[in-house]
Every structure is written in structure tokens, then in C-alpha cells.
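Next come the structures, one after another.
Here come two complexes built around subunit A, the first alongside subunit B, the second alongside subunit C.
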Partner chain A sequence: MPLDTSTYHLSHALLRLDGRRWNELRRLHAQISTQASADGSSYLEMGNTKVICTVSGPGEVRGGGGGGRKEGLERENAIVNAEVSIAGFSGVERRKKGIGGGGGGGKGDRRTMEKIQNVIAAAFTDIVFTHLYPHSTIVITVHILSSDGSILAASLNAATLALIDAGVPMKDYVVACTSGLTPPAADIGEGDASDPLLDLRGGGGGELRFWGGGGGGGGERVCVCVMESRVRVERVEGMLAVGVDGCKQVREILDGVVRAQGRRVVGSVVRQGGR
Partner chain B sequence: MPPTPLPTLLSSSELSYLHTSLSLSPPIRPDARSPTSFRPLVAETDLLPTANGSARLCFADGTEAIVGVKAEVERTGVVGKKVDLRDSGVEEDIEMGDGDDKTVGSGKVGGEDRWLEVTVDIPGQRDDDAMVVFLGQMIFEGLVADGEFRGRLVVNERWHWRVFVDILLLSAPLTYPLPLLSLTTHLALLSTHLPAPVAGLGKDDDPLFNDDWDAAFPLYPSAYSKSRAKASIARPPITLLVISVGDNIFFDPSHAELAVADAVIAVTIASSTSENRNDGELSLLAIRTIDPPSRLSSLAAEVGQAGEDGAWKPKKGGMSRSVLRKMVGMCVEKGGVGQEVLGGLEGFT
Partner chain C sequence: MSLPHLAYPGLPLGPSSLYIPGPGTHLHTASSTIHASLAGQPILTTPPSKDSKPTISIPRLLPSPTHTPVLSEKVSNVNTLPSVGSVVLGRVTRVRGRGVEVGIAVVYPVGVDWGALAGEGGTVGGGQEGGCVCADEWAAVIRKEDVRATEKEKVVTAEGFRVGDVVRGVVISLGDQSNYYLSTARNELGVIMAKSEAGHTMHPISWNEFRDPVTGLTEGRKVAKPF
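So, the complex of A and B:
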């Protein structure tokens, strides 16, 4: 349960509640190619946030009636769509689903989901070589199985892996992590002493949220940057630096996962060839 | 009946070949399985930290489902009388109730069916889509059918557990998804634990629970457990898809086999709880007939008209009673397929 984070201060504690230092990520574990029936799929854990992502496509524009179909045929580039679903059992409390329409605590949820969908779709439209697939769509489906903060970051990382599994050419990995600020230590009276933190957990009360995603080039190009709350402008640079640094670590881990999968695939091909 | 997605891509002569080889004696399945053998499946349980119980299951055809079970404590009205929970200051909205506030006649068991809630989520389908509602209802009915399940949810006279079973189909529904969802639900419920009430809890007290997760007791106690005085053999039900081709009966049909089936039924079975049954025989909870894909396809009409040799012609009419009896018998008999599947699933937890 969330302890009182309002009184803790990095210069005193040096460690966060879960025992991490300010610049440490949570355990990041990922699997690629988890589902046989999907074109591309991945499973990603960032601490207790667990996400499954499947990619279908690039394929023909499906359904959507006559109008949608026509629109798809004219297009020069592929479109990237994202669908995010947050499972009812993902949080500590069960999320109520509006059965029969309109009920439950749907509105806030739907807004978060739509925001995540839009961010994912926009980010990958930039990074994927969409011009190679005219008249087609790529659908990224993200299932959030367990949420403990950084949902958006986990979704983006999982989507990167699933797209790689699907063999969709991309300029680079899109990797993401969150960064935030410690609550200003009012009782110490230093005023401005709030430090940036990397990879926030859910429910860490009092922390300012900021979310940064890096990708492209040497892993230093920021392609997505979402702020969840207001911060003073002079804090942004520090948070961004911490975020980009975290993204580099994430990138290394994801790269390891992809390379391991590559070795497995090549190994199985070689073994079959030897027969 | 729910729509069967995805028409088959086989030509009519391929279907004819398949139908012939399946109706031989002994039959030859395309993947050389025996009629009762299942394809390999991958399963894991207890994978979600925030759920009371969870399971993930992947079938050989690549379809995958995740089920999470969550439990909440809720205030009960007065047991044994007709109660309207809406008047007793409970904030929970009642979604399953439909206005029919069923109370149980036998005071021994107690509990109400609506303490269990099953939701099915299939990507790309609306929540109120006919197929989604149908699948959820079928699994719900199977779970409450033994009449004993709701008794487990009673904490004391004033409090009870409310159990939410959220079923998530992760892949596109390639074949009829009911067996997958039902087996996953089975596994998730087997791995479900509820926090143990602290000792000495009176029957009117507000519930206090032991915060040690190791002390939690399973919703379905294992037959071998010694923790509870009365080890129960009750198990969540499973639904198996059975097809018949000619006089032959096949379990776990692949997509191609479904396409040429004469009859498709979904059989829901559970281990019997009443003592007077022969030990080891399973009880039959439900049989649903499912329209075989062959009748829905446009191919059926075309080929039926042409009637040429070597082309497959779907069988007209229903299934014979003897075939139905054989299908059900193979599921429920002692040492039969049903028992084998239940035993196999037990091994996962």
C-alpha cells in the first residue's frame, strides 16, 4: 500500500520505496513472438506492469464499409492503428465495465485509452516506413493485463517488439520510459530541492509525472513526449535528460531480446537445413 | 447459435477427401492424431499479481486467452429471505440480476448466483454482441450449475465474496472459442485463492482477513489438500467441443475438421459432487448443438445442387441419437476423455 511519500526526500533516503535509486529502472522483462496466430506479438513486464501486444498486418484495409475501403485504396502510405484494452483485473480494484452501454466509470478510462491509442499510432506512423505498404493498415493491439504505472511506456515498448516480430521495417526502436520529480521537500525549507526520478510506479503519491520517450538515430531523438502534469519549465530539462538516459537502458534490454530471438530463429533454420 | 467465424478455404474436393478419410474405420485425421487425442497446449497459472487467480492458455492453433479472477467482499442481506440488495445500502451495482432476485431454498448452501459475474472480452467485438454475451452466459451457467459454488462464497451471515471472472480472448477467434475460454476459466478458478478469515470470526462480525497470502485458502480445494476438513472433489466445469463424421467421433477438432463435421456439439461436464454417483463418472451439465460451418457456407448450397462425384456434399438433417449418446458417453464415462482432460489440467496448477 502506498506509504506516505510526501515526507521522503532523496537526500535523506537515497532509495525509493521499492529500493531503487533515482536512476534505476524496474525489472524489465520481455518476450517476443508469444502468440502463434498473430503476425507479430510480444509480452512485456516493467515491474508489475504487464502488457501483451499483438500486431496484425500490414494487410489490406479490413471491413469498415464501402467508404472506408475506398479511402484505403487511394492511400499512398500504410496507416497505423492502435487499439488498447485495459483488462478488468488489471488494477488493485476491479474496473467496472459498463455492461449494456454507458455505465460504470467508463469516461475517464476511455479518455486514457484513447490518449494512449493516439500516442502509439502517431509515434509508429512516424517511425515505420509506411510508404512501403500502400493501401494497407497495421493494427497494433495492446492488452494491459496488470497496471502499475507507466502504461503508456510499457505499451510503446511492447509495440516495438511486436512490430519487429511482424517484420515491419522501422527506422529505429521506439523505446519509452517515464520520468518524474520528487515532491518538493517543504519541511526542509530548501525550496527548490526536487530531484528527477526514473521509471515511476503507479500510485506514487505526490510525485509529478512526466513522460518521455526516445527513439531514432543514436537513441537520442525524442519522438514522443507526454506531460501528465504541470511542471516548472526549468525542471523539464533535467527530467528529459533522465528520461532519455532511461530510454537508452530500455533500448539495450529490448535489443537483447530481439537479438536472442534472432539467434533462436537462425538456429532453428540451421538445424532444419542440416537434416 | 453464435456465428462461426472464418469460412474455410478448402476446395470442395479437398473437403470430400477429408470427409472420406475421417469417416473411415479406423479414421485418419489430417494430423494423424487418434480420435480422442488433443493437440498440445501451453498453459500457465498465477501470472497476474493483482488478481486472486489467473491463467493463460494457448491452443495449438495459436489462439490464446487470459482469465483473471478477482474477488471483493460485499455485504449480504438476510440469508434465506428474499432480499433486495439495492435497499440495504450496498453501492455495488447489480449487473447480473435482471430483477429476478433468486434466493436459495436450502439454507445449508446459501448464497446467490449473482455473486459470480462472468464477462467475456473479444477484440473487435462489442460487449453486447450476441456471441460475446452467449459465451459469457454459457460459462456462467456451467459454473453455477452444481449449486455448490455459491456456498463457498459465504464469509459469514452478513458478508460474502463477490467473484468477477474476466475472460480475455487475446487472439482473433479462429475457431469456435468456447473450449479455449472454458478451459482457461477452469485453470484460473483452480488457481484462485481467497484470503482466509481470521480465526474466531463470529457470524455477525465484520470480516477481518489474514493478510498472509500463504494462509489463503483455494476457492476449489484440491482433492489432496489437508488444510480443510472436508476435501472437496468439486471442480469448475469444462466445455469440450466434439464433432462427428459418419459414425466416428473426434475431440479437439482442428479448423479443417470442423469444416466437414456432420454435427458439432459443445458438452459441458464437471466432476460429480453427489455421493450416490459411481465414483469417477462425470456429471453432464449441458449439451449445446452448434451449427457446423458446412451448413452456413455458401458452398453447401452449390455443391448440393451439383451433386457431382468427388465433390463434398454436406449431410442434411440432424444427428442420430446413437451418435449423440456415444459422444456424450465418451465425455463422461469413467476413464473417458473428460476425466483425462480434467486430470491433465490439474497438473498445471
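So, the complex of A and C:
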């Protein structure tokens, strides 16, 4: 049995290196309303990926310049912005900041960060009832404290919780998880050797084909779908099914967190009323 | 129309012709009704002038601090901000030559009834009644010249305070962007609870001394006059 690959071949063993089956999520732990200073905030762990998210707004458009302000004021709908920052200590090796003053050092990083920001903003523009807040912005700030794969999925989940904490009306939860494929067996040829996997870890995934999925809306609606590498088209359906199934599990966990917070609020109101 | 005792997200609270939506609520433009965005108890704020409409808001339940186990029912649901003139209780976090840094933990409203406070007894400064326990500690500083009213220029902060002392002070200014400014320049203001270097709780013996009942040693403090 090879120990140096991140996954065992499914026909040999049913467990991955971290002991999960192909359709199991990592430990998902979330807290809501973690910071008093923000309008809404959350903290989310998906395995070793740890993310903190704050939401400010809906509020007035922040003046960036004369032109920008005008643009915001004319809008009928709220603008959703996302800011993502990856901490220097989040990975295995410490990343140095600002090599060469915006030179080529972190170009790939900046590109992934921009992509994540755009995806988050687009997803929540779709899900939030933006027409209720004309002329305003909602800023979602995500800090990635520890990164072990599925950054985008963790950010989306954390942003959902933070927006719920902020009381922003939404159509539904946006939940996300990744799915991928097992590396094909050494004897390529028959082609049918790779199977879908749920919730990939970072690091040893060199051979895996990453794929991020996000579900939102009444259960099965997919509102975000990000491919991180090329996959054969026959595999997509299987991966999508596994991803949607994982999203349902994530949704249940997040719903539990929100309901627990609701009980806390109700408890405090009842206690105040009793006094 | 009376507000419900408990609102949940989406609950209609009233028409926008009668109320103004505040924090924790949103206005549904199609029906011009105010709906709740958060779960919690809706609060009606009366307008300053008679012409404007009252505001409906739902306060957020703030996260309870993890470092100090304060009973959640004693933590105020609303952010209680110190204002100029309010009496506060705080803990000394740092003693510097130019002033003492304090974390404000309890805020009494402006114009607090000193007689009522005295009735609750003790040098501890009374119970929580009347005072609001802050969910967060507010940073404050007692500048050297605000420690006492007389002989201001001879004050040595290290002889009046020690880290960990509980201090009663009055807010004299909202200060700069990071600190409130407190003053202890009155007889009934100053250190109300202190532990000695040996770690025992001490009792005040004069306006500037506390004594450790176990070792019998005295330590200098700016002592608040017991009621």
C-alpha cells in the first residue's frame, strides 16, 4: 500500500490518508457573531482550514473618489463587495509580503485572491435581496488564518454565516464544498479508474483534479461552480452529484449553528422579559 | 399597533408611514412595511421632536467575552458607552510614568445617585444595580495630573496604582481615538480594591495607604474614600 500518495485507490482501500471515506466531509466547526465591532461576523473551520469573516453594511457607499461615489448613489440595488486576505502564516511555509513592491513575487497568489473575491461577490449579489438596500454596499471581509485546501468553499460558508448574523435578507444559504477525483491508476488505458471524492485537503493534492462547487437556493440550486483544473466531461456529472451531496451536509451543519444562535437570542430576550 | 415581544427575521413590524426602520430591520419597498432582519426584541425609540416618527430597531446580541466569565444575564444587551461625567469602574492594566492605563468594566449612568451607591455598602462600590457591565473592556487612561486634586505636580503614578487594582473614576473626556480620559481627583474616587505584592486582598487604612492583613505591610495607593 503506498503511503506517499494523498489517496489510496478506491478499489484497494476505501479510506483516504486522513481516514475519511470518499464521501465524508472534514470536521466542520463554525461560530457566529464572534466580533462585537462588526455588523456580522463568523468563524469557520473546515478541517485545518480556518477562516474568519466579517460583514459591514448594508451601509452607505464608501467614498473612494468623486466618480465612484456617484456611481454608487445612482444604483437601485446594493453592491456586494468581497475582500479576501490570506495571512502570511496560513500555509506550511511563511509567505513574504510585498516582494519587490508589487513585483512578480505573489502574482499567482494575487490572481487566486482576486478570483475568490469575484466569486464571493458574484454569488452573494445573486443570493442577497439587494433591491431592499438601494444606494448601499455590503462589504464581506474574509481573513484566511490557516489554509489547508477548500479556501473558496470555507470563505463562502463563513460569509453566509456572517451575512445571517448581520441580518441581511437572503434567498437561502450559500453553502460550498469541493469535490475532486482520485488520481488515475498507473495503468492508464481503461480510463474508468478515477472516482469522485468529497472535500479535498490541500497539499498532497498534486494529482487530484480540484473542483469547487457551491450550492444555494432551495436545496439543489448550484449558484457557484468553479473548476480549478481540466476534467474529462464524463466525470463532471459524478463530481457535481458528490459536491451537491456534500453541500447538503454542510447546509445542515450551518443551519444548526444559526439555530443555536437563535436560541441564545430568544433565551436572552425571555430572561430579560422575566426580570 | 404594539410591537411583538420577540421578533424573528422577516416578521413585519409595522408600516413605514408610522415608523422609521433602525438597525436590525429593513424596509420592504413593495409593501412599504418594516420587517425584522434579526432575531431579538424590537425596541421603539421615541423621536427627539414631535414631528418625526419613532424608530424601530432590534439590538444585536453581542458575543459574550471569552476571557472573563461574566454571567450573560448581567451583560448588557446594548452597547453601554461611557460619556463625560459618568462614573466607571475599571481595572488597571498598565502603570506608566505619565499615566495609568485602565480597562473600563462597569459604567454607571451620568448623574448616578451617590447616596444609593453608598447604601449598597462597602468599599467595593456596590453591586451591579444601576451600573452596566460592559461586554467589552473600554480602554481608558488616567493621566498623571488627573490622579488627585492637590499637589498635582508631585504625583508619582507608581505610588498610587498597581496593575490589577480596581479603580473608581469619572470620565472627564472622551479622549483621543484610543482612550477615554478618567480622573480620580476626588475623595470618593481612586483605588477601591487592591491586592498586595504577596497576593492578599488589602484594606484601606488612610487616604494613601492599603494594608495587607496577613503580612502587615502597607502599600501606597490613591485610595477611594469608603462611603
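A few notes on this one:
FYI, the second predicted complex is superposed on the first by the 249 of 275 C-alpha atoms of A that agree within 3 Å, B and C clash if a C-alpha of one lies under 4 Å from a C-alpha of the other, contacts with A are read in each partner's own complex, and residues count from 1 in each chain.
Criterion: a contact is a pair of C-beta atoms (placed from the backbone, for glycine too) under 8 Å apart; a residue touches a chain by one contact, two chains touch by 3 or more.
Remember, predicted model here, so these are calculated numbers, not experimental data.
The superposition on subunit A brings subunit B into a clash with subunit C.
Contact with both subunit B and subunit C is seen for A:36 once the two complexes are overlaid on the shared chain. Of the two partner chains, subunit C is the only one touched by A:132; subunit B is not. Contact with subunit C, but none with subunit B, is seen for A:265 once the two complexes are overlaid on the shared chain.
Using the contact criterion defined above for the overlaid structures, shared-chain residue A:23 touches neither subunit B nor subunit C, since it reaches no partner. Legend: residue contacts after superposition of the two complexes on their common chain; A:146 is shown touching subunit B, with no touch to subunit C.
Counting the residues of subunit A that each partner touches, subunit B and subunit C differ, and the larger count belongs to B. Of the two partner chains, subunit B is the only one touched by A:90; subunit C is not.
After overlaying the two complexes on the shared chain, residue contacts for A:54 are found with subunit B alone; subunit C is out of touch. In the superposed model, A:77 makes contact with neither subunit B nor subunit C. With both structures placed on the common chain, the touch criterion links A:112 to neither subunit B nor subunit C.
Put simply, of the subunit C stretches 73-81, 109-117, 163-171 or 199-207, the part that bumps into subunit B is 163-171.
Across the two superposed structures, the residue set of subunit A contacted by subunit B and also by subunit C is 34-36.
Per the touch definition, subunit A reaches subunit B in the complex via residues 34-38, 48, 50, 52, 54, 56, 83, 85, 87-92, 94, 96-101, 103-104, 141, 143, 145-146.
Remark: subunit A residues 33-36, 131-133, 165-169, 262, 264-266, 268-273, 275 touch subunit C in the complex.
Residues 5-6, 8-10, 24, 26-29, 35-41, 58, 60-63, 72-73, 77, 79, 135-136 of subunit C are the ones touching subunit A in the complex. The touching residues of subunit B, counted against subunit A in their complex, run 47-51, 54, 58, 61-64, 66, 68-70, 72, 93, 95, 119, 121, 123, 127-128, 164, 166, 168, 170-172, 174.
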